[in-house]
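Structures follow.
Both complexes shown next keep chain A, but they swap its partner, so chain B is in the first and chain C is in the second.
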Partner chain A sequence: MVEDEVNLLVIVVDVNPIWWGQQAQREPQFTLSKCLDAVMVMGNSHMAMTRTNRLAVIASHCQDSHFLYPSKSWRTGDSGGDDASSSGDGKYELLAVANNLIAEEIRNVMSRSKGNSTDTLLAGSLAKALCCILSMETASSFVIYDVIKAAEDCARQYMNFMNVIFAAQKQNILIDACVLDSESGLLQQACDITGGLYLKIPQRVALAQYLLWVFLPDSEQRSQLVLPPPAHVDYRAACFCHRNLIEIGYVCSVCLSIFCNFSPICTTCETAFKIQLPQMVKPKKKKLKQTM
Partner chain B sequence: MDEEPERAKRWEGGYERTWEVLKEDESGSLKATVEEILYQSKRKRVIESHGQVRLGMMRHLFVVIDCSRSMEDQDLKPNRLTSTLKLMEAFIDGYFDQNPISQVGVITTKNKRAEKLTDLAGNPKKHIAALKKAVDTVCVGEPSLYNSLNLAIQTLKHMPGHTSREILIILSSLTTCDPANIYEMTKTLKSLNVRVSIIGLSAEVRVCTVLTRETGGSYHVILDESHFKELLTLHVKPPPTSSSSECSLIRMGFPQHTIGSLTDQDAKPSFSMSHLDSSSGLSLGGYFCPQCHSNYTELPVECKVCGLTLVSAPHLARSFHHLFPLEAFIESPVEELQGNGFCQACQGELKDKSIFTCPSCRSVFCVECDLFIHDSLHCCPCCIHSQTAS
Partner chain C sequence: MASLSEEVLLVVKKVRQRKQDGTLYLMAERIAWGPEGKDRFTVSHLYADIRCQKISPDGKAKVQLQLVLHTGESTTFHFANDSSALKDRDATKELLQQLLPKFKKKANKELEEKNRMLQEDPVLFQLYKDLVVSQVISAEEFWANRLGGINNTDPAVCNNKQEVGISGAFLADIRPQTDGCNGLRYNLTADIIESIFRTYPAVKQKYSENVPHNLTEKEFWTRFFQSHYFHRDRINTGTQDIFSECAKQDEKGLKSLVIQGVKNPLVDLLSLEDKTLDEGYGICTTLPSTSNANKTVKESSNSAIIKRFNHHSAMVLAAGSRKGDAPTDQASETSSTDGNSRDSDFFQPPVKKVKLQEAIEYEDLQRENRPKTVALNLKKSDRYAHGPVPLQSQQYTTSQDIINSVNYIRHEMMNYKPNLTEVLSSTAASSAIAALSPGGVLMQAGAQQAINQMVPTEVQGELKHLYVAAGELLRHFWSCFPVNTPFLEEKVMKMKSNLERFQMTKLCPFQEKIQRQYLSTNLTGHLEEMLQTAYSKFHIWQTRRMMRKT
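Now for the complex of A and B:
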């Protein structure tokens, strides 16, 4: 039945203040407010398509991640902005409420920025989003996460990020990624594993167009459309000793750490390995044959 | 051989008054007791982690399914065989989800013989296809424990020492027809370090008890279908390794996935080595072994040409949560909470009777989030924030 299908769209926006501050100087026609305008356009379009569509917007910051929409006070039923929401231009009330809430919350978030870390906590935002979605929707059919990423990856988040991706895959949640600046290997893997779309935007000022064109259709409709081809994902592992990407490596059977060279002791779990004797005998035999 | 004292059988113990568990409150309703029982069953699923125990990550597991006459019994709907095969498909999916670099093989036993349904392989699709076809088999004769164990160890004894060798037997018959002494087989299994676990569908059989006790496995008899599913889930998690298994450094390859297209001039079409017998034809893309450049369509796989194990980094990453398990959260009654009553993961109100606190970051979570975090997520959402913010 079409009425019972609830499509939930979660938009995770990277609001790293350092990157956006530099961006405002590099390219003044595309700033954080323009980006959020594009996000609001996409959110409004999604909610306008079907009455049962739901939306959630999360801002991913350096210290924490905040739910821009729906906010806590809205969930507990305290509609403090009732008078302000009835805008005079006849806009669908739900969209007006959403836009105002997003604008207000993002102002709160950005004015509270402090601290000097520069990495965006994307894994944390996705984890919180998963918990929240689970509690909100018990019978939703499709959930799509749309991650808009600005700054670079943080290598320390690798394990947490992979945990979050596998949890999302188990719940049949698609993760799409819209990358503004540098290519992100983590997000490429996330999109490949969960079955979503990855796109690096060539022109940032046209963000709204890309969002509506590529990311708005849900998974059923995507099979009918001609969309950007899947990116080439680099699934090579990084060795634990030098952080180089390797094609052939040695894996410890106890702790699964990856090394590029054979060593008698694993540095992570400090197990001594059994050195296999037959491999050492063979080179001696070859030498004898050559001298004869 | 039988030094352990037999534990008391159920009929030898005292008389259980199960109706006393349910207690009515002042208004005569059972709602509080029922909620309490549901809550306890939810909490039971958060099993404590083993702590600093070495787990066997690379597992070679043989599943032996009894296809004898007793499997046509209809106490599990529609009959025992169909129900078992359906649960096995779910088990195989869960098994490869938790142990991506392990392998599974399926053996069936009937008519006093045992035969291999599928060989040890790391790809779930083949096993699931074989299990689906096996629904039509005719259940006839008696099973043979000895023959099925013999067939399994023919393959298992050649496996390298750092992997864990396991056999899981689903036995519904109360008899077994063996050509030789099963206690000799038990000694052989012990010497080969094979762990045998049995799930019985009818009743407890003494030879199974001895077999599992000697080899270090577990023996359970099911009560109903949901109990069967629970017992199978116990075998999905990697077991602690025995002290005699070796630790070694395994050479593995991490191939790149190339998506060839017709416009690419360098692309050469090639056959996939894993599908040489089927007529799937030439393909442009795929995974190329870094050592011998043979083409494969899926990972993980062992290269047939050079013998290198090929995996991808996410496969190893799936097992990391076993190595760094999340600590259990501290449970406390909700009245002790100061401040606002919001769960920090789902932003919802805390209305259950207890709250859970993470020991490292002291954030507060509700029951549902705690269950989800320990079952699927394996990392505390608030610890991630404090970890990376320096």
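Now for the complex of A and C:
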């Protein structure tokens, strides 16, 4: 029997409580519940497409990142399973179980929310997802990870983020991004480098439609479909002194920090540099012969 | 007309060609014939063009020589000098025999090289077909820049002619033949003489000293063979021979070789293998010194003596160590070998030590010597945390807002139950689909179709060929500037006419063809632009030249 290809889809959902709390007050028709419903629809569709497709869902919170599915507490035949089988709508059992688990876990996660920090730990979630992928990966060929992002980028996570992106690229893992609020430069780079799709959604209410249309097909199928073209990514770096985007700059050869102006000492690592300026040719003064 | 500076190697008068009397001249690079009375050559062939020469058989009345060229044509010369026709013809034939091989290889090699280049590189072949076969530029211009490679390497190869080695048996080859009456006849060829000189430099020295002022060559060699130096016994005391010194020199040489000793007593015999010398039989390496050559040949002739000496020395040593007496006085050679062996007891040659060391120690078991690294010392390490990312406007939320939001969301999610039947309304879905369809809000950037999907592949291929050909012509054109010499002037004008011809014969038909195929894209715009730039540059140059002249 031919071994089927295992396609693994990992969905990372940004459940920043502050943003979602504010969002719920701004736009009551699209709240975290709706978002999670849409995510579940996508997860179900993915699992329904092929028997060997697998799913993982991670909630990225301010305090931690948590696996909503598969969860450690999942055991077949426990009380959760009973609920599912008695849902009565003839749903594929795996999907029912998954949905219930996700719902239960998210309830747990959100009930533990405290307002200590405001930044989503996205890099951490991505890293966890990457570990999960690598641990699950036996015969799997396609892995796609879909990041649904709500809040803004956190600059402090830059290094970790970039490391995760490069690791994903090395492992041929596609990172897609579905952005709800503000454009994220980091995710744009991530999608560009790994070959995934970046999309900022104009209508949040139709999230499920966007997810199914754009992000559900796997990489092979995407080449046959007409999907939104990749956006132009601004790869310009920002200088370390002013945090302005620059096109040409000076780079310290010791610590690789970028500056917009030359300074004889690098402020990050305190290395001294000399630059040879072009020699100024002094005009020779011709001695005028004075006639007496 | 022959330039006056050509070197004339042979002149043969009274040579008829096509029933006309004339003179045959053999120059350094060509052979030429001019009719009697006129000072122009009507027939001239480069040696490189001549494939082979043929002569009429000896018995025939007419003494003729025929030259067959590579192209297939042949020219016949009839040597009509009554007295010396045969001699003339033979002299010519021999000279040609010497000269032709030199030029033959060059010509063939060039052709071969050209053929090989054309076969290996299909782009080059296509370019050749486009430009040379259709007469846009001439073949010489085409090959002018490309054959630089072989012409540069050729002289280097030709100059380092392989050195012929010395046959080990050359002395044996000089077998004397009995001359009938009690004499011996030695046949010496130039090769043997050269071998003798290379093996015995002392003999060469004597030769250069004595010949030709004191002795003739024949006398020299006679004395050489008569001398005891040549013979095996080498009892060279007494006889006043010019060669007695040579014998002394030889002995000195042998002593110095012995003193040098063996550098590496732990010679790894297993590593010796048959190494093939690559093309040229190692001509790039320097010649082995004659002393080594000396050794290899002398070994065969002196091995008996050496064996005797060695045995003698070993016996003396053994006797010495048993009795403790000083060894008795021997010939200088033995004492030197003795001295050597004693010396070697005192200090071990350094190479041996190294070898032993290597055999005993293991590198990986020793302490690691990592290259010294300098630690990176950062004063502002938080810069690494955020990296080269521009500042973004932070949205500040008050703590009250935070608390409110958190409470709200907790409240909301406390009773979360997935409601998957009401995830999407049809209006929302259709507007999303509209945005994602071609022409929708999100699909704007991808509206342009790639040009390579609209143009058929053969048209693309033709365009590529056109670009390659145009590039080649333009390269020739632009390399003429700045125009300093009259040769460049001519070339620039020729290239301009070539470019025009190219445009006429290749570019315009192509343009018409794509127009007929209703391809609206402008594929040849860039090519035309390049040609226009070349024309305008030519025009400017021409007007400037006119102005300078007036």
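The rule is short, and it goes like this: the second predicted complex is superposed on the first by the 261 of 292 C-alpha atoms of A that agree within 3 Å, B and C clash if a C-alpha of one lies under 4 Å from a C-alpha of the other, contacts with A are read in each partner's own complex, and residues count from 1 in each chain.
One rule holds in what follows: contacts are C-beta pairs under 8 Å (C-beta built on N, C-alpha and C of every residue); 3 or more make two chains touch, one makes a residue touch a chain.
Note that the coordinates shown come from a computational prediction; the quantities given were computed from them, not determined experimentally.
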For this session: Check whether A:Met49 is in contact with chain B, with chain C, with both or with neither, and answer first, second, both or neither.
Result: neither
For this session: With the two complexes superposed on chain A, say which partner A:Ala38 touches: chain B (first), chain C (second), both, or neither.
Result: second
For this session: Pick one for A:Ile193: touches chain B only (first), chain C only (second), both, or neither.
Result: first
For this session: Would you check which partner chain A:Phe240 touches, where first means chain B only, second means chain C only, and both and neither mean what they say?
Result: second
Exercise. First (chain B), second (chain C), both or neither: which does A:Leu216 touch?
Worked result: neither
For this session: Using the touch definition from the top, say if A:Val6 reaches chain B (first), chain C (second), both or neither.
Result: neither
For this session: Answer with first, second, both or neither: which of chain B and chain C does A:Leu180 touch in the superposed model?
Result: neither
Problem set entry | Touched partner set for A:Gln63, first chain B, second chain C, both or neither | first
Exercise. Does the superposition put A:Ile258 against chain B (first), chain C (second), both, or neither?
Worked result: both
Seminar exercise, completed: Interface residues of chain A shared by chain B and chain C, listed 115, 156, 158-159, 162, 229, 232, 237-238, 254-255, 258
For this session: State the interface residues of chain A toward chain C in the complex, per the touch definition above.
Result: 17-22, 24-25, 31-34, 36-38, 40-41, 44, 99, 102-103, 106-107, 110-111, 113-115, 118, 152-153, 155-156, 158-159, 162, 185-186, 199, 202-203, 205-206, 208-210, 213-214, 226-229, 231-232, 237-240, 243-245, 254-255, 257-258, 267-270
Exercise. Which of the residues in chain A end up touching chain B in this complex?
Worked result: 62-65, 67, 72, 75-76, 115, 117, 119, 121, 123-124, 127-128, 130-132, 134-136, 154, 156-160, 162-167, 170-171, 189, 193, 229-230, 232-238, 246-256, 258-259, 262-263, 266, 271-274, 276
Seminar exercise, completed: Contacts from chain C onto chain A in the complex sit at residues 376-381, 383-392, 395, 397, 399, 401-410, 412-414, 416-420, 422-425, 428-429, 431-433, 435-436, 438, 441-443, 445-446
For this session: Write out the stretch or stretches of chain B touching chain A in their complex.
Result: 54, 57-58, 97, 161-163, 246-259, 290-291, 308, 312-314, 316-321, 323-324, 342-343, 345-349, 366, 368-369, 372-373, 376-379, 381-382, 384-385, 387-390
